[in-house]
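Two complexes follow with subunit A in common, the first pairing it with subunit B and the second with subunit C.
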Partner chain A sequence: MSSATWRTVFTYNKYAQIAARALRQSLKENERVVAEKRGVTILRYQQWENGQGGQQVFLNPPEEKGKSKPAV
Partner chain B sequence: MSALRLLSSAARRAPAAFATGRRGYAEAADKLKLSLVLPHQALFTSADVVQVNIPAATGDMGILANHVASIEALRPGVVEVLDSTNTSKKWFVSSGFATVHPNNKLTINAIEAAPLEDFSAEAVRANLAEAQKVAAGNGSEEDKMEARIEADVYEALQHALGSR
Partner chain C sequence: MLARRTLGRIAAQPQVLGAAPSGARNMATLREIELRLKSVRNIEKITKSMKMIASTKLAKAQRAMQAGKQYGIANSEVFEHSPAEHSGKRKLFLVISSDKGLCGGIHSSVSKATRRAIADKDVPVEADSPIMVVGDKAKAQLSRALGKNLVLTFNQIGRDIPTFADAAGVADLIMKSGVQYDGITIVYNQFVSAISYESATMEVATEASLKESSGFKAYEMEEDVTKDLAEFSLANAIYATLTESHACEQSARRNAMDNASKNATDMISKLQMQYNRGRQAAITNELVDIITGASAL
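Right, the complex of A and B next:
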């Protein structure tokens, strides 16, 4: 099947996440709302050097404007 | 006397525990222990079942008790579980792995799975049309590959819902 060629482009993890996302988008309305929350991941990382923490960076910047608590 | 001795020797020769290792075709005395788990929910935890049908990437398989140990990658498809009362339950899994352990245990790991009743055929049709449009368009290679993976999931879903 043509789907076997994704291995040249993606890792298995990415493939599994794509398939899971496709499944979530096909559910009925109520289950879909619950399931979409499972697909959200938030990651924030910070580079440390010489005992000093650098800027905390969001991997996926959240869209909320308004108050955001400072990292440190 | 001699008659008694004849009796006892005959009894010793007859297989005392008849066929401990053999299993009749009609009854499955051993049950398969199934654990079907998602990251957020465990659908089965070491439950006794008779047969599990899985959509392996290399083809559909039916797993019975005392199956040889193996690891199978799953493609998006329907996992069907038959328990001892011969009722079958079906879930559509997004992908994952099915591992048959040597001690008659089957573990299926998937990221997402839902019973077939939870799907909306309308949504599947719309999503499939959109994914096919992206896959045939002129986006980047990654986008097209992503769309093709999604299209495969939707096509498998349509097939599962259609033949429910």
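Right, the complex of A and C next:
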């Protein structure tokens, strides 16, 4: 179908990442472990306003187990 | 009487040679040299191990770079065949560096290139062109020089080999940020060889400029596909530049640590010479004192 509704929700990159994640999870155990490493991202970003940095935000928030990372 | 005097003397200084009160100046220098020697030896061990680590990481990073470059080349082909009708003035600069230091001039090379590009008279860009930075080091340098232009910064990339997930995340955040631009210029370090790198730029077109180009208009495109292509090609370009910059950083760190180890080794041999001379001088003075003391009887 030509009118896919996912385009209104997220970008093509996100679409590709979701498909890649599904593919990785469907691999056999050994290959899956190797492939999972290629999908890891611990990206953090912060908005800047007028020369001042804002709060640091995790793109994929890690599971907090008590210790939290202070914003720089 | 001689025996009692020398015995008294030796009893007075049970410490290491060179602790004689008469050679107080020499002793302080000897202690100092010893401490310095110890610390420089430790530094040399650390820089040597950092160099080893960087060399092994470089091999892996170079393989990833070769693979990533193919994405970038395939990307650029699309843009070569569909040049923009009129080059826009508003460029978004994406600066690629990393969070870690001790890697030579990687971060400053990229920051300088960005500042040069913004101040360029031949190819004028708007003075308030938005800048986005990947990596804390370049962020610190650019926030001092062009702080008003900063829009978005990223970190935690470059700890390990950059993944396509990183590149896709960055591309998505750029798209979502709602910044206005006519084209994107990625400023990164290009891998020339294992001992040299240079700053370079990569142009990425937006969906709008692709739609306008004559090459594209010759084809009947479905509405959404161009947008997908623009987003995906941005992620591709970011991935190619991330891997190449990562490889440059590892090679620069290896060279920097190699030079540091060499300098440390030179310093150690010089200090060792000084220490030995000082030690021998102290011993000679002791002997002279004893002998003159003996002959004075």
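Criterion: the second predicted complex is superposed on the first by the 52 of 72 C-alpha atoms of A that agree within 3 Å, B and C clash if a C-alpha of one lies under 4 Å from a C-alpha of the other, contacts with A are read in each partner's own complex, and residues count from 1 in each chain.
Convention: a contact is a pair of C-beta atoms (placed from the backbone, for glycine too) under 8 Å apart; a residue touches a chain by one contact, two chains touch by 3 or more.
Predicted model only: the values in this text are computed from it and were never measured.
Undergrad: Figure out whether A:L23 sits in contact with subunit B (first) or subunit C (second), or with both, or with neither.
TA: first
Undergrad: Using the superposition on chain A described above, determine whether A:L59 touches subunit B (first), subunit C (second), both, or neither.
TA: second
Undergrad: Quick one: classify A:N50 as touching subunit B (first), subunit C (second), both or neither.
TA: The answer is second: A:N50 touches subunit C but not subunit B.
Undergrad: Which holds for A:E31: it touches subunit B only (first), subunit C only (second), both, or neither?
TA: In the superposition, A:E31 touches subunit B alone.
Undergrad: Once the shared chain is lined up, is A:V9 touching subunit B (first), subunit C (second), both, or neither of them?
TA: Only subunit B; A:V9 stays clear of subunit C.
Undergrad: Can A:V40 be said to touch subunit B (first), subunit C (second), both, or neither?
TA: Touch partner of A:V40: subunit C, not subunit B.
Undergrad: Show me the subunit A residues, by the header's touch rule, that subunit B contacts in one structure and subunit C contacts in the other.
TA: On subunit A, the overlap between the subunit B and subunit C contacts is residues 2, 10, 16-17, 38.
Undergrad: For subunit B, which residues are in contact with subunit A within the complex?
TA: Against subunit A, the touching part of subunit B is residues 39-40, 75-76, 92, 94-96, 111-114, 118-120, 123-124, 127, 131, 141-142, 145-146, 148-150, 152-154, 157.
Undergrad: Under the definition above, what is the set of subunit C residues touching subunit A in their complex?
TA: 136, 143, 147-148, 150-157, 159, 163-166, 168-173, 175-177, 222, 224, 227-228, 231-232, 235
Undergrad: Looking at the complex, which residues from subunit A come into contact with subunit B?
TA: So the residues of subunit A in touch with subunit B come to 1-3, 5-6, 9-10, 15-29, 31-32, 35, 38.
Undergrad: Note which residues of subunit A are touching subunit C in the complex, please.
TA: So the residues of subunit A touching subunit C come out as 2, 4, 7, 10-14, 16-17, 37-48, 50-51, 53, 56, 59, 72.
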